[in-house]
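Some structures are shown below for you to check.
Two complexes, one shared chain (chain A), two partners (chain B, chain C).
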Partner chain A sequence: MLWVDKYRPKTLAQVIVHEDIAQNLTKLVTEQDCPHLLFYGPSGSGKKTLIMALLRQIFGPSAEKVKVENRNWKIDAGSRTIDLELTTLASTNHVELSPSDVGFQDRYIVQEIIKEMAKNRPIDTKGKKGFKVLVLNEVDKLSREAQHSLRRTMEKYSASCRLILCCNSSSKVTEAIRSRCLNIRINAPSAEQIVKVLEFVGKKEGLQLPSGFAARIAEKSNRNLRRAILSFETCRVQQYPFTSNQAIPPMDWEEYISEIATDIMKEQSPKRLFQVRGKVYELLINCIPPEIVLKRLLHELLKKLDAELKHEICHWAAYYEHRMRLGQKAIFHIEAFVAKFMSIYKAFLIATFG
Partner chain B sequence: MIIEPLASRCAKFRFKPLSDEIMSSRILHICDQEGLNLDSEALSTLSSISQGDLRRAITYLQGAARLFGSSISSKDLLSVSGVIPVEVVEALYAACKSGNFDLANKEVNNVIAEGYPVSQMLSQLFDVVVEADDVPDEQKARICKSLAEADKRLVDGADEYLQLLDVASNTMRALCNMPQEFSFET
Partner chain C sequence: MGKRNNIVISSSDDEDYEPSSRLTRSYQKPKSTSSLTRTNPSRAKKPRLPGFRLTKQSSNVDEMRLAFRDFDEVLNGFKVSAGSRRSNPKELWVDKHKPSSLEELAVNKKKVEEVKSWFEERLMTPKDEVGRSSVLILSGQAGVGKSATVHLIASKIGAQLCEWNTPTPTIWQEHVHNSSAGMKYTSKLDEFENFVERVRKYGLISSSLNGNSKSSIILVIDDLPVTNGRSAFERLQRCLVLLVRSTRVPTAILVTDYGNADSSDLTARWLEELQLTLESAGASKVAFNPITNNSIKKTLSRICRQELCNVAAEEIDLIARASGGDIRHAITSLQLFCLKPNVELDLSSSNSTPSCPKENANVLNEFSGGFSSQYGRDETLTLFHALGKFLHNKRDTENVVALDQNAFRVGEKFSRLPFKMDSPEKILCQAHGQSRPITDFLHENVLDFVSDEAMDDAWAVASYLGDADLLLATSRRTLNRHSEIENVLQSAAASVAVRGVLYGNFHPSPSRWHAIRKPKLWQIEQSSSHNQNEMLRQRFMEDGGSSSLSEVSVIATEYRPVLKWVGYRKARDVETHESEDESVKRMSIDEEESEISDDDDIEDW
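Right after this comes the complex of A and B.
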C-alpha cells in the first residue's frame, strides 16, 4: 500500500495537520447531528481525509466499509428519458460521488440521488429516524443549473439527508449554497507541518532521516502534503539510506514543461512554435489539465524573465486562461499564449540588444 | 426590476438595511436566550461582516456557536464567515506597493495555499484601495478597472491564481506609476 493511504489518519483524534479543525468537527457531531458542510481548500491539504474521519466519527467503523458501484440512472425528464452512468462509493450510511463527471447533465444526478436517499431513510437501533450523508466532490465544477437545483433539494430533504460538499475554490460555488452550509476552510499545511508528518512516517517505517532532507522535500512539494509523501516514498525506493544531498526527483510532466519554457526562450519562430505544439499535445493527451500546463509554463517563464516583462506575461497568461475556459479547444489558447510570448520576447530582445 | 404596469398597480413598501442598534439588540437577545457569551469586539465584528443582513448575522452566530462552543470571539466569527483577515489583505497590498513582482507573486501564492476565496479577496482589496488616502484618484480608477475585469473572469470560471496575479500586477503598476501600456506588445 502507498504510504499516502497507509498513514492517512482514520479518526479525527489521529489527525496531525489540522488538529484545531479536527477538534471542532468532533465537537460539532457530538450531538449526533450536523449542519450541511462545505469544505474548501487547495488540493493535497487534507479535505478528503477530514471528511472520511468525520464520517467515521458519526457512524463508527461501518463508514469504512464502502463498496464501489457503477450505477445506472434512468431519469424521466418530461418528454424523454435520459440514461446516465456514474461511479458511486457507498456504505450503509453514506454515498459519495462526483456529479461533475457526467458533464452538463449533472443536475439530474444531483436531484435524483437525493430524492432516492430521502426515500429509504435508515432507522437506528433506538427506532429513531437517522440521516444519511451525501458527499459530493468537486462542487465547484458543477454547472450553475446543478447548483441551483441542489439548493432547492437541500432544503426540501434536509430532515433525512446531510450534505458534505468538497471543492477547491469556494468562489465558484454560488452564494446561495455557501450560505446554507457551514463553511470550513482547509488551508494547505505549512512546510513545518509537512516536515512533522514526514518525520512521523519515517519513524513508523523505521527510516533514518538525515537533517534537512525532510525540509527539502517539503519545500519542493509546494505545500501539498500528498505530493510530499509520494515523493518521500519515491526517494526511499531510489536510494536508501538517505543522504542529505540526495536528489529529489521532480515530476516528469513538470520537467517536460520546463523544457518547453527553455525551448521558447531560445528561439522565437513559427518552426519552434510548431515543435512546441507537439509537446503541448503530448501533455494534454497524458491528461495533464490544460490550466495546470499554462500555470506551470508561466511559473517557469517568470523564473527567467526581467521584472519589466513579468507584468506583461502574467497579464497574457490570465487573459488566455480565461479564453480557454470559455472556448472548447484548450490547445488553441495555450498555443496562442506561446505565440504571444514569443512575439513579446522577440520585441524585447530587439529593443535591448538591437 | 418590476415593469411599470405592475408597479403602478401596487402599494410599495420599502425595506432598508437594518441599523446597527436594531441588529445588536436582536443579536444580544438571541445570545441571551441561547446562553452564548459574546464580547463587544465580537459584536461589532459581527455587525460589520454581515453588512446589515440579520439573517446572515444569525447564521454566522449559529455556525460559530456550533463549532467553538458558547464563548465566541471575533476571530471565531471571522473564520466561519469566510472573510479574509485584514492582515492578509494588507500584506498583499503592501507587496503591490513595494513594486517587487516576486514578492507579490509570493503573497498571491500564499493566499491560494491558505485557501482564501479569491472573489472575496477582490472585494476586500477593493475596500482597501478605495479607502486609501495616499493614492490619487487616477490610480484608484486603474486598479478598480482591473478588479472589475478579474471579477468577471472569475464568474466565467477562470483560474483563481492567474486572475489574482494579474490584479496584483495591475495594482503594482498603478501604485508605482509604471507605464500602463505594455512596451513590447505588437
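Right after this comes the complex of A and C.
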C-alpha cells in the first residue's frame, strides 16, 4: 500500500493538517443532523480525507465497508434512451460518484440517478440516521444544466438525503448551490505543515531524514500534500539512505511533455506537428487531463524561450485553453496552440538569424 | 383527333392564365406536337402491378415465365400483345422504346459482345463438359441495361428466355387474409430455394414451354430475393452456390449494385460478398458500367425523333448528365419533360430573366441546380471522395473570373484562387457527411497535405478546425431542445471545418498519393475512457479498500507514476504480483478492445 493511503487519517481525531476544521466537523455531526456540505480547495489539500473521516464519524466503521461498482444506466430521455456508464462506490449509508466523468451527459446522471438514490431512504431499525449521504466529486466540472438539476434535487430530497460536494474551485459552482450548502474551504497545507507530515511518516517508517530534505520535497510539491508524500516515497525507492541534495524524480508524464517541448523547439513543420499530435495522444490515452498537458507544455516551452516571445505565447496558451474548455475535443485546441507556437517561433527564428 | 385539339386548347388556356413572363421557348413546340404522349391523368392510372415487370418483348423473343402460383394468372391477364405496343399512348417510354436490336442498345458494345459470346459458347458446347460453370453474373447499378442486354442477346441467338422475377412481398394484411383462408405462407426465400432446387434437379421442363422444342434455353434470375439478416443471407448464398456448381442451363444472374451510394449499408457489403463467393464457385462475372452520357444522349434523341417532340440538345444533355448513367431514369425524365413542358420552368423563370435556353446556354447552367432536383437523381459521393476533394484542394491556376466592380474585395493575403470544384457545402450534401466525422477526418489527414514549409498554414487550418469543434460542442449542449438550431450549427461547423481547411492550406504540398486514414482520435477516446474506468478500479484495489473514489486526473498524474516507481520494489510482494498480472491482462484486453472497435468504426463507414 502506498504511504499516502497507509497514513491517511481515518478519523477526524487523527487529522494533523486541518485540525481546526476537523474539530468543527466533529461538533457539527454530534448534533445528529448535518446540512449539505461543500468542500472546496486545491488538489492535495485533504478534502477527501476529511470527507471520509467525517462519514466515519457519522456512520461508524460501516462507512468503510464499501464496494465499487461499474454500473450501466439506461435513461429514458424522451425520444431516445441514453446509455451511461459510471463507477460508483457505495456503502450501506453513502454513495460516492463523480458525475462529471460521463461528460456532457452529466445532467442525466444528476437528474435521474441521484434522484433515484435519494428516494431510497435507508431504514434503520432504531429509526435514527434516516438519511443517506451522497458524495459528489468534481462538482465544478458539472455543466450548468447539471448544476441546476442538482439544485432541484437538493431541495426536493433534503429530508432523506445529504449531499457532500467536493470540488477544486467554488467559483465554478453556481451561487444557488453554494448558498444551499455549508461551505468549507480547505486550504492547501503550508510548507511547514507538509514537512510536519513528512516527518511523521518518516518516523513511522523508521527513516532517517537529513535536514532540509523534507523541506525540499515540500517546496517541490507545490503545496500539494499528496504529491509530497508520493514523491517522498519515490525518493525512498530511488535511494536510501537519503542525501540532502538528492534529486527528486519527476513524474513520467512530465518528462514526456518536456520531451515534446524539445521536439517543438527543434523543428517547426507540419510533419513535426503531426508527430507531436501522436505524442499528445499518448498522454491522453493515459488519462492525463488535457488542461494539465497544455499547462505543463507551456511551462516547459517558456523555460526554453526567448524573453521577448514569452508574453505572446502566454496569451495564445490562455486563448486556446479557454477554447479547449468550451470545445469538445481537446486535441484540436492543443494542436492549434502548438501550431501557433511553431508559427510564431519560426517567424522569430527567421527574423533573428535570417 | 378531336381529343388532341382539346388538349392543346386547354394548355393555351393555361398560358393565358399566366401572361406575365410567358416563355417563348422551344417548349411551345413540343407542347403542340407531343400531344400524342400527353396523357389524360385519369387514363394514366393504368393498374400497373408493382413488382412485376411485364416484359413486352417483340414477338421474336420467346417469352416464358416460370410460374409461381398467381404469377401465371397475372401474366395471362396483363400480357400486352406486341402489335398494339407502339400505338398505345399511355405507355411509359421506358417500355415503349425498349431497344429492339443490339445496335439500339446503349450499353458498351464490347460488354455486349462479351456477354453474347459467353452465351454462344455455353450453348454451342456440349453440356456435360465438366469444369466450367454455366453461370454468369451481371452486375451494375440500376438502369444500365443488364436485363435488356440479356433479353436482346437471347432473341438474337434465338434462345428461349426463362426468367425468374422476384415475387412481390406478402404484406401483413394479405398474410392474415391468406392464412385465414387456409393458405400456407411460404417466404419468398423459400420460393426461390424451391425454384433453384427444381432447376438444378430437373432442368427447365416447365409446362409453359408449349411444345416448342428449341434446344437452347437461357435462365435469367433477375434480381435476387431480399434477404433480411445474416442467416437468411447465408441461406441464399448456399443455394446460389449450389446452383452455380450444378446447373447445366446457361444462367444469368443479374445483381443490382447499390455500390458507392451507401457503402455503410450492410446489404451492399453482403452483395459483394455474395458475388465473390459465386465467382470462387466458378461463375463468370461481367460488370456493367454506368452508361456514358453520349450513349444516353443518342438514345434520347432517337426517342425524341420517334415521338416527334422537339427537345433542345441542351436539355437532352442536361437530362443525360443528371441521370448518372441510369438510362431508364433518363428516359423517364425525358417523358416527364415532354409531358408538361412549361410548368416548372415557369416557376424557375419567374425569378430570373426569361430567355431562350437555346440561345443562352449560361442561363441554362444556372438552372442546372433546379433541373437536377426535378429530373436528376441526386448525385452521391463517397465520404472519401469528398474528403479527397477537400484535402487535395484543387484550384484554378489563375483567377479567370473578372472582378466585378462593386464586388467585395479582400486583401492580397487573404484572397484565394477559385475552386476547381463545386462549392464545399454542395459536396458535403452529396457525401451525406455528418459534421463531426468530417471534422475528425479532416483533422486527422490535413497535415499530410500541407506543404512542409508552411507552418502558418498549418496553424490556420488547426485554428479553423478548433472553431468547428467549438460549434459542434455548442450544438451538443443544446441537444434535444432545439433541433433546428442544432442542424444549423452542425452544418455551420462542417462548413467552417471544410472551408477552413480549403482556405488555410494556401501552400498545398505537391500532390501525390495519400491514403486517407481513419481518425485515430476515435480509438484514443475509446481506450482513454476504458483506461479511466480501469484506473478507478485498480486504484480502489491498490489503496487497500480505502473508502473513497479518487479523481481520475489525480490518479493519472500522481498515483500511477509513483506506482510505477514503487513497482520495482513491490515486485517481491505477493499482493502486487496479482495486481501486476491484472494489469498485464488488462493490457491485452485493451488491445483486443481496440481491434474490435476498429471493426466497428469501419462498419459505421
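The criterion applied here is as follows: the second predicted complex is superposed on the first by the 293 of 354 C-alpha atoms of A that agree within 3 Å, B and C clash if a C-alpha of one lies under 4 Å from a C-alpha of the other, contacts with A are read in each partner's own complex, and residues count from 1 in each chain.
Heads up, the rule we're going with is that a contact is a pair of C-beta atoms (placed from the backbone, for glycine too) under 8 Å apart; a residue touches a chain by one contact, two chains touch by 3 or more.
Note that this is a predicted model, so its numbers are computed, not measured.
K.L.:
Spot which of chain B and chain C makes contact with more residues of chain A, would you?
P.N.:
If we count touched residues of chain A for both partners, the winner is C.
K.L.:
Is A:P35 contacted by the first partner chain B, the second partner chain C, both or neither?
P.N.:
first
K.L.:
A:S98 in the overlay: touching chain B, chain C, both, or neither? Say first, second, both or neither.
P.N.:
Touch status of A:S98: second partner only.
K.L.:
Is A:S269 touching the first partner chain B, the second partner chain C, both, or neither of them?
P.N.:
After superposing on A, A:S269 lies in contact with chain C but is clear of chain B.
K.L.:
Of the partners chain B and chain C, which touch A:L326 in the superposed model: first, second, both, neither?
P.N.:
In the superposition, A:L326 touches chain B and chain C alike.
K.L.:
Which holds for A:S343: it touches chain B only (first), chain C only (second), both, or neither?
P.N.:
After superposition on chain A, A:S343 lies in contact with both partners, chain B and chain C.
K.L.:
Tell me which partner A:F200 touches in the superposition: chain B (first), chain C (second), both or neither.
P.N.:
Once the two structures are laid over each other on A, A:F200 reaches no partner at all.
K.L.:
Contact-wise, after the overlay, does A:Y240 reach chain B, chain C, both or neither (first, second, both, neither)?
P.N.:
In the superposition, A:Y240 touches no partner, neither chain B nor chain C.
K.L.:
After overlaying the two complexes on chain A, where does the chain B footprint on chain A coincide with the chain C footprint?
P.N.:
326, 343, 347
K.L.:
Taking the complex as given, what residues does chain A use to touch chain B?
P.N.:
So the residues of chain A touching chain B come out as 24, 27-28, 35, 40-42, 45, 169-172, 178-179, 182-183, 185-188, 222-223, 291, 294-295, 298, 302, 307-312, 314-315, 317-319, 321-322, 325-326, 343-345, 347-348, 351.
K.L.:
For the complex, which residues does chain A have touching chain C?
P.N.:
Per the touch definition, chain A meets chain C at residues 1-2, 4-5, 8, 43-44, 48, 51-52, 55, 63-66, 68, 70, 77-79, 85, 87, 89, 91, 96-98, 101, 104, 135, 137-138, 143, 145, 226-227, 230-231, 233-234, 237-238, 249, 251-253, 268-271, 273-274, 277-278, 281, 284-289, 292, 320, 323, 326-329, 331-333, 335-336, 338-340, 342-343, 346-347.
K.L.:
Can you list the chain C residues touching chain A in their complex?
P.N.:
The contact residues of chain C facing chain A are 440, 443, 447-448, 450-459, 461-463, 465-466, 469-470, 472-474, 476-477, 479-480, 520-521, 524, 527-528, 531-533, 535-537, 540, 542-566, 568-569.
K.L.:
Would you mind writing out the residues of chain B in touch with chain A in their complex?
P.N.:
Of all residues in chain B, those touching chain A are 56, 59, 63, 66-69, 79-82, 101, 105, 112-120, 150, 153-154, 156-163, 165-166, 169-170, 172-173, 178, 182-186.
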